[in-house]
Amino acid sequence: MTVRVDGRTPDQLRKITVERGWSDHAEGSALISFGGTKVLCTASFTAGVPRWKVGKGEGWVTAEYAMLPRATHDRNDREAVKGKIGGRTHEISRLIGRSLRAIVDVRELGENTIVIDCDVLQADGGTRTAAITGAYIALADSIAWAREKKLIPAKAQPLTGSVAAVSVGIIDGEPFLDLAYTEDVRAHTDMNVVVTGDGKFVEVQGTAEGVPFDRDELNLLLDLALKGTTQLTQIQKAALAGAAS
Amino acid sequence: MTVRVDGRTPDQLRKITVERGWSDHAEGSALISFGGTKVLCTASFTAGVPRWKVGKGEGWVTAEYAMLPRATHDRNDREAVKGKIGGRTHEISRLIGRSLRAIVDVRELGENTIVIDCDVLQADGGTRTAAITGAYIALADSIAWAREKKLIPAKAQPLTGSVAAVSVGIIDGEPFLDLAYTEDVRAHTDMNVVVTGDGKFVEVQGTAEGVPFDRDELNLLLDLALKGTTQLTQIQKAALAGAAS
Amino acid sequence: MTVRVDGRTPDQLRKITVERGWSDHAEGSALISFGGTKVLCTASFTAGVPRWKVGKGEGWVTAEYAMLPRATHDRNDREAVKGKIGGRTHEISRLIGRSLRAIVDVRELGENTIVIDCDVLQADGGTRTAAITGAYIALADSIAWAREKKLIPAKAQPLTGSVAAVSVGIIDGEPFLDLAYTEDVRAHTDMNVVVTGDGKFVEVQGTAEGVPFDRDELNLLLDLALKGTTQLTQIQKAALAGAAS
Amino acid sequence: MTVRVDGRTPDQLRKITVERGWSDHAEGSALISFGGTKVLCTASFTAGVPRWKVGKGEGWVTAEYAMLPRATHDRNDREAVKGKIGGRTHEISRLIGRSLRAIVDVRELGENTIVIDCDVLQADGGTRTAAITGAYIALADSIAWAREKKLIPAKAQPLTGSVAAVSVGIIDGEPFLDLAYTEDVRAHTDMNVVVTGDGKFVEVQGTAEGVPFDRDELNLLLDLALKGTTQLTQIQKAALAGAAS
Amino acid sequence: MTVRVDGRTPDQLRKITVERGWSDHAEGSALISFGGTKVLCTASFTAGVPRWKVGKGEGWVTAEYAMLPRATHDRNDREAVKGKIGGRTHEISRLIGRSLRAIVDVRELGENTIVIDCDVLQADGGTRTAAITGAYIALADSIAWAREKKLIPAKAQPLTGSVAAVSVGIIDGEPFLDLAYTEDVRAHTDMNVVVTGDGKFVEVQGTAEGVPFDRDELNLLLDLALKGTTQLTQIQKAALAGAAS
Amino acid sequence: MTVRVDGRTPDQLRKITVERGWSDHAEGSALISFGGTKVLCTASFTAGVPRWKVGKGEGWVTAEYAMLPRATHDRNDREAVKGKIGGRTHEISRLIGRSLRAIVDVRELGENTIVIDCDVLQADGGTRTAAITGAYIALADSIAWAREKKLIPAKAQPLTGSVAAVSVGIIDGEPFLDLAYTEDVRAHTDMNVVVTGDGKFVEVQGTAEGVPFDRDELNLLLDLALKGTTQLTQIQKAALAGAAS
């Protein structure tokens, strides 16, 4: 069996760690690591909703993703300095927001907004999947906080499930789970899969890098992704079962 | 069998028209319609490549997508007036660019750049898939133009295939091909599939809107999408076989 | 008599075509061509007025002009991508808005706003004059629409007349009507004249390019312009008399 | 005869003052007043030309116009704070630049650039015409400076003439010269006329505010404007004949 | 004793002039000169406060600082053209605002806002200290204006004192008061000191340029600064005692 | 003696921790905590200098400061989303850069640039002083890295000393060292002092919040600050003496 640079088997996740409740200020937070990728996820719960949602009696959940300038091997200019947000940042922020909303019933939130900030402190591949996986934990904790503070009714159930994400890719014809940066660069096909706790798809985003992929390869990748998200779901459950740090 | 608002069967494309060579100025162009969705695609061929590509002897293909402010039912503010490009615009521009590059061998282009502009003159669902399908025609014509002008060698083959795209979605449990706007709004799952002329996947982007989808639904959608792109590929071939208008 | 590149006499307009009601969505629209110059004009009627007009019981009419990036011979960067609108775009948008307001009695509109978007799909000189001429048709149709929808009173008469525009210029001492791009480049003096249906001036903008002009030249240009706008007024009347496409 | 608020006759300029050489730093400068309108014009002469002019052996002259936030009766937000330049500012900057270039032979400048900054310190109508009139003085002095510093040849003659500008307008059917702000607000037709020292037109910009104007009114306004610019030309000559302050 | 380039002793201010009431429009204004540095300070008094102050019954005082592009020896690009405000501009605007608020009791202002604009018409070192010193005069006059117009109660005392500022620096080991530009460039340590009319500190901002400074040097600089601000306070009093121009 | 909320004496620093070498990618890094304030400082060493420094044979050191949106008790909008950097961010970035350059001899760096990014992960007062103190460690390590990689000569000594910073303030007449957020809010006078390892001042920035301060208070604050920076210098030395994590 192929052995990966970091000693993993092709179907093995990197070491996943979760530091739940990292932030003193946020209503929910998690510092999550997928190997060398470290993402700080904070959930900010505030009363009120964006103007276009006002008066519907529903809440809103949204997300913002960003990278510190030196999260990567070479430094990137700050988007705030450039004065505009790049396409990649926009795209990932929107993906995280959609993924979370897929497991939230906004009618149960009342007219409140939860913003999830996912800031990549260090990047080594899979930052968007780590962000989604950590964001769910911050979100769940912020909802528990709101319930405790009686900002939403005690019996409100805004969460309809959990959500986790992982990347998969094909390198030299072989499928791999949870690509590190050096693997991601070499992959011909790259797929990010967002899956609920009960194994249904929220997002499937497969992209051919150079070589188009066929139906069989797609199926192999989906099998592998589901294996990964099943484990990530367990890790999320374990983290939420303990006391926050 | 379910009959759609516009009289189509669930597995039927809207009326597709292509006005190839619409522009007097562009090196390649097509005004493509998927029913009420009309997208003007122009290809601009210029010598030179972006700074980060210089000196590699390779070319570059990129795309920009935009909508006229009143392409939609209600008017949207111009992004130029707002002073920034929205996330959706960025995301679609990047998707079109990646889709085209998947069937281009940039080494065969020399250090030249082709920019494909896809401007939605009127929107009725499926603007990104119409854009990709029309962009391929503009791209192919700009490459033929460059070959004729001897800007690339006569035997250069920058195109490794063709590419077309279509949307599919599940409404009330049933899969539909090529969603019009009113259908798109009702779909629980929405998928855009970009496929090469020989039936391989370039992009698969499936998104659950509210209700996650399972493996069977995913497979039904992919079957339907491939049916649509096979027809679009034929339409592209026919358009490119004729004389440009 | 001088024969122009395209076979016209000096005092002859290019072929003018109007595709009224081009848009499925806009309350009024026209795709107008002055030879190779093609401008899509759409009118968007919405309830309410800008903040500084609120409470006066009056409406507002404004316009935005833009060019597609490859409307011109060489591609221009998108203003949305550059993040700011150029001076020329601003200047022309303001000119169109003023020209239309000159024949609108805003008190008859109620507190409603009409935004006219003029998007140049292809440019070959005279884009601003084609835009004004087409914008009037879209405006007139949007007002008819509002009257029919009872959004303004049946007897309201917001239009106090019609408006059309044409460019004139002096090339090698001789005055020419409706300059195409290659003529515009060669003109020493360039003038855009906006005229009401009854032959009065709304805007006279004459600019010396290199060589100042005297009073006689100014008078010759004005004579020629009035000849052109008289014909354009007839074309507008004919277009509005027919059924919209 | 009508007597104006400030005691002038309809064909009378306001009090014009010129403080030539106001700036210690600029290569040419003038603080010009048209009554309560005060504009500081500075000319900055630098080696080199914009990229698109490089290698043609020609120079470039351009202008930037701006108002201090409290130049006007009510304070306006700074354009720097808003992060973008408004349409009016753009339009006037372009007008000043074109007006100056009409009397400059850029081939005589060598590859040098002169930027004229016109900053309105206090506004009371006619800021653009005061700016053009003062800008010519700053420009002339900067060219004299460059000749003295041997940055252009001693016999180079970049100036082909002089240029001055004035506003005229029709109030209640009567034409008036050099409108103050309260008059400008009441004018039905407003015209800015830029004229060379030998009485030829560089720009004629007439705008109907509400009521279109006819040929006779246009002629009356042009007569009046030429009367004003003849006097302004004399004032410019006198200012340039003296020693700079 | 060291004699400075302009003939001053090390502890001597430059010639200070104040043209109070320079603006026809502003509620308070002063054109202040510290030698070749000329700053136009205008105070704009308006009803209402920023959103975050509403409902507290207090007023607000803020300031904006800017330089004309050719205020300096070489021309700087306009911040409005660049589309963003630089760090230095921000920093000085904030300093001026804080300095003024230190001697204002906002509760005595009612819910009104005073904006002080400090525009540097010509720069020769010490622009921020001239701005603060002139801004106080404009501020005081705007408050007197508001009292006279009964916009604040006759007995309201928003001013708790006066404020003035001066720069000091160490050149070749010797301390100097009120540095001109050529001196500022040579200074190893540069300090701006903002002092109330009764000799207390509002701001002390000392910066080592290259060589850190010790406690003794700090004390010498503070002594010198206090000597300068004492004189500036006298000049402010004299200006405010006279009739505004 | 006054006991502070967190049990400290007035002249006591908060618990200071330094996690040196936190980043896998940066050439030098430190995660520094001053109590609840946590700042990630990374140093990026790159060949080349900004355009205005090219050809002088000298290097450049600069800094950028930013806060994560939920570093604070309430969430702040991202500056990248707002499209511009606020005045406070600019001011602190400049302060950090100046402070570091005060102890760097850029001639010893060669034409290389070091950018120090200071990102506040969590804020509880004193973020700028923690940033400066941590930035020095990251800077020192990046210089050691460059020497080891032979990017600067083995005997080059770019560092002329060390630098650390602390805040001090007066609350109810009593001076306090290293203010936490709740203390900072209550302070009448707030001072940030940047001091070299040998006890000289690099920056002294004292600001009266409401009540001006006198010479005695200034002296008390400086005494206290020097006490704090002496300890911080020791902590820096200890951190740099150990092996990086």
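Going in written order, the chains are labelled A, B, C, D, E and F, and every chain counts its residues from 1.
Here, a residue touches a chain if its C-beta (ideal position, glycine included) is under 8 Å from a C-beta of that chain, and two chains touch if they have at least 3 such contacts.
The UniProt protein names, listed by chain, are A, B, C, D, E, F = Ribonuclease PH.
Everything quoted here is computed from the prediction, not taken from an experiment.
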Among all the other chains, which ones are in touch with both subunit A (Ribonuclease PH) and subunit D (Ribonuclease PH)? none
Over half of the interface residue numbers used by both subunit C (Ribonuclease PH) and subunit D (Ribonuclease PH), so same, or under half, so different? same
C-alpha-based rotation, subunit A (Ribonuclease PH) on subunit E (Ribonuclease PH), 0 to 180 degrees, nearest 5: 120
Centre distance in Å when subunit A (Ribonuclease PH) and subunit C (Ribonuclease PH) are each reduced to the mean of their C-alpha atoms: 51
Per the C-alpha centroid definition, the whole-Å distance linking subunit D (Ribonuclease PH) and subunit E (Ribonuclease PH) comes out as 33
Give me the residue numbers in subunit D (Ribonuclease PH) that touch at least two other chains, ranges are fine. 83-85
Work through the pairs of chains, note which ones touch, and then classify the graph as line, ring, star, complete or other. ring
Beginning with subunit B (Ribonuclease PH) and moving on to subunit C (Ribonuclease PH), name the chains as they sit around the ring. B, C, D, E, F, A
Tell me, which parts of subunit D (Ribonuclease PH) touch subunit C (Ribonuclease PH) in their complex? 84-88, 90-91, 93-94, 98, 102, 161, 191, 196, 199-208, 210, 212-215, 218, 222
Taking the complex as given, what residues does subunit B (Ribonuclease PH) use to touch subunit C (Ribonuclease PH)? 23-26, 29, 36, 40, 42, 44, 46, 64, 66, 68-75, 78-85, 89, 115, 117, 119, 121-122, 124
